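Each of the two complexes below includes chain A, the first together with chain B, the second together with chain C.
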Partner chain A sequence: MAVADTATGQDSTAGQQQTNWQAPPPRKRHKSDPYRPVHLNMLPMMALFTVVLCALLKDYSSDPVQISPSPDTRLPHSNTKLPPQKAVQIAISRRAIMVDNSKVAEVESGRVKPVYKKDNNPQSMFIVPLFEALRKKADQEKLIAKYNKRRRELQFKGLVTVIADKRVPFRLLTEVLYTAGQAEFGQYKFAVIKTQGS
Partner chain B sequence: MVQKPSERSKSATEAVDLDIVPYMDIVFSLVAFILFTSTGLLQIGVINVNAPRYQDPLAAAGMNKTPEEQKKQLNLTVGITYKGIFIAGVGGVLGQTEEEEQAQEKGAAPTIPLKTDDPACRDALAKNIPPPLSCYDMIKLTQEVVKIKNEFPDETRIFIYAQPDIPYEVLVKVMDFTRQVEGRNLFYDVVLVPEIS
Partner chain C sequence: MPGIRESEKPVNLNMVPIMNLFLAMIPFLLMCAAFFQVSVINASVPALSEGGDQDQEPKKELKKVTLNVQIGTNGFTISASGDQSEDELKKIGGTIPKKNNQYDFDKLAERIKAIHDHYPKSDTVILLPGKDTLYDTLVKTMDATRERILDKRLDTREHLFTNAVVSSIL
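On to the complex of A and B.
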């Protein structure tokens, strides 16, 4: 019985506590500040974006020749003022040699692997796959020139733009230029980043 | 008779809210695309370089030229080595006596030696390895080239050679400092000569 009394006593205490607890009154929304949608004025931002877009498009369109070095290629800086011209592009990075964005030979420690050299001779200046790729380009350009004899800008001039990493050794550079010379490309243009004020 | 006012005049006073969000989307996408795909922020230029060409041996030796023309021919040559920069012309190497020129093959001092105030330069010199770009005294190179230009104002051709492991960056800097100074053209007709060992 004592247990039951105790139990009923406890129950009654809990019941009193429950009845004493009162939920907080619901918040009343003041009539003075009703919900209003915030209206963001986007017009200045739109004007700004339009100006930026126009400037970028102008910059994009005024450069007929796009030179985009690969991410692992760091071009040297120079005070030259000459703009790039349309030409066959040879990129020399620390890993590969590319002709118009297609890889032709691999580079290791600043040297072309001997398998790409003439007779597999590491001392040779002649890079065989580079020569073949450039020879194809020369043939294409000559064919275009043949059917466009009146248009001077389409005549074959043997122009090559060299996009080389600034850490490339002179030996590798001369090997590429020598091979280009063998494929009838005798005028070179070194791509550089123009410094301020040039 | 007075006409009834038009209903259109009342409706025209209502504000029209233009939805510019789709336009903003397009413009933002275009700006992002152009910024990420173009190298427009980098101003890329080019340097003209020629390869040496084979020519008539008589012409090369200057046999069919008048003595005056032969005298004027300079053939300015700049060599970039691990020890410094050599400047030479038809007459000989600049800043060296005849005995020094003869001794050059044994390792005589270059016209413009490397700067030795930097430990990296001294280290490169001692080990005979390619020194960093900062070790070359480019200001002095320009001063020497200006002196030569004063003597040969009509000459524009310069031959440049380098040792095998000289970085391309050094070559470009040498071309920069011999091409132009303060708006005055110096030697801009660059001919690259195959390496020396």
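On to the complex of A and C.
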């Protein structure tokens, strides 16, 4: 401000006055003054909280199918727009294979341990506990479909959602898909994280 | 205030209970909130078919090809199969080598778009990843072959090879 004042050729007395200005000392409350509580205006905060609450409730209620990858699973990103559907979930992390959140086989260095393979053969594509778990799920879904023949959404479609870590090698994925195919699950949906703006 | 009658004085609502409720609900909902959106990609695997009527000559589809994209250690290898002549199918094929040791998804998308423009009825791509190919690479290849985003803001897309079949080389 001082520079601006010299440029116009005027003395910067107003600026000095501003810098020399001191706040008046706080008024001492007399003992006779009654205590008056301060009323805060809560309305702006209430408005803010209402907006946040509505946004969170909408987010909570809009997705009927919940896909929750395990903490050690990093899903790949994709520009797809398809919403998830209700299906049996097979999660493939770097440590385990899970069917609907129940661990069925262990994974080590991107390979299923041979003890879980057919005849303990490491080259086999067939993962025995995964097959048994999926077979059980298929039987359950078929039983539900049998008693709900008129409801199309409850018919057995052999649909699985694969929630795989992005660092999983294709060989492991093939083994899981092959085993799922043997258990009559022939339609696959790969879970991904939707990229922003797509 | 002077001049205002007793009944016209504004009523001060007690906001404390509703504030308490909000303060309890917001942390709970924040804990449950997902800050990313999960979507899915449709995929299928090759299926055995019974084989139709052998006597009937199948109708030739010259505007349709089935594309094969092999994901190798050095890059992508594209080939095609269809009712076209062998020379024509050979022209479709080609390789897209890695760029700076990374798969060149942009170039793959460009090539796929050019093929789809030439054969607009095509919708099937067979992806052939190597056994050590990462799942992330497979998903990105599916993205490059499935559709092209024309305008991100308006979310307009051009569908290319929407039917992805995941297979492997024996």
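What we mean here is this: the second predicted complex is superposed on the first by the 159 of 198 C-alpha atoms of A that agree within 3 Å, B and C clash if a C-alpha of one lies under 4 Å from a C-alpha of the other, contacts with A are read in each partner's own complex, and residues count from 1 in each chain.
Going forward, a residue touches a chain if its C-beta (ideal position, glycine included) is under 8 Å from a C-beta of that chain, and two chains touch if they have at least 3 such contacts.
These figures come from a predicted structure and were not determined experimentally.
Asker: Looking at the combined model built on chain A, do chain B and chain C fit side by side or clash?
Answerer: Here chain B and chain C cannot both sit on chain A without a clash.
Asker: Which partner does A:119 contact after superposing on A: first (chain B), second (chain C), both, neither?
Answerer: neither
Asker: After the superposition on A, what does A:67 contact: first (chain B), second (chain C), both or neither?
Answerer: So A:67 meets both chain B and chain C here.
Asker: Touching A:193 in the superposition: chain B (first), chain C (second), both, neither?
Answerer: both
Asker: A:153 contacts which: chain B (first), chain C (second), both, neither?
Answerer: Neither partner.
Asker: Could you list which residues of chain A make contact with chain B in one structure and with chain C in the other?
Answerer: Touching chain B and chain C on chain A: residues 42, 45-46, 49-50, 52-53, 56-57, 59-60, 63, 67, 75-85, 161, 164-171, 173-174, 177, 181, 186-194, 198.
Asker: Considering the complex alone, what residue numbers of chain A touch chain C?
Answerer: Answer in residue numbers: 39, 42, 45-46, 49-50, 52-53, 56-57, 59-60, 63, 67, 75-85, 161, 164-171, 173-174, 177, 181, 186-194, 197-198.
Asker: Chain A touches which residues of chain B in the complex?
Answerer: Listed in rising order, the residues are 20-21, 23-24, 27-28, 30-31, 34-35, 38-40, 42-51, 53, 80, 130, 162-169, 171-173, 175-176, 179-180, 192, 194-195.
Asker: Given the complex with chain B, which residues does chain A contribute to the contact?
Answerer: 42-43, 45-46, 49-50, 52-53, 56-57, 59-60, 63, 66-69, 75-85, 110, 125, 161, 164-171, 173-174, 177-178, 181, 186-194, 198
Asker: Could you pull out which chain C residues touch chain A in their complex?
Answerer: Where chain C meets chain A, its residues are 12, 15, 18-19, 22-23, 25-26, 29-30, 32-34, 36-45, 47, 129-136, 138-140, 142-143, 146-147, 149, 152-153, 155, 166, 168.
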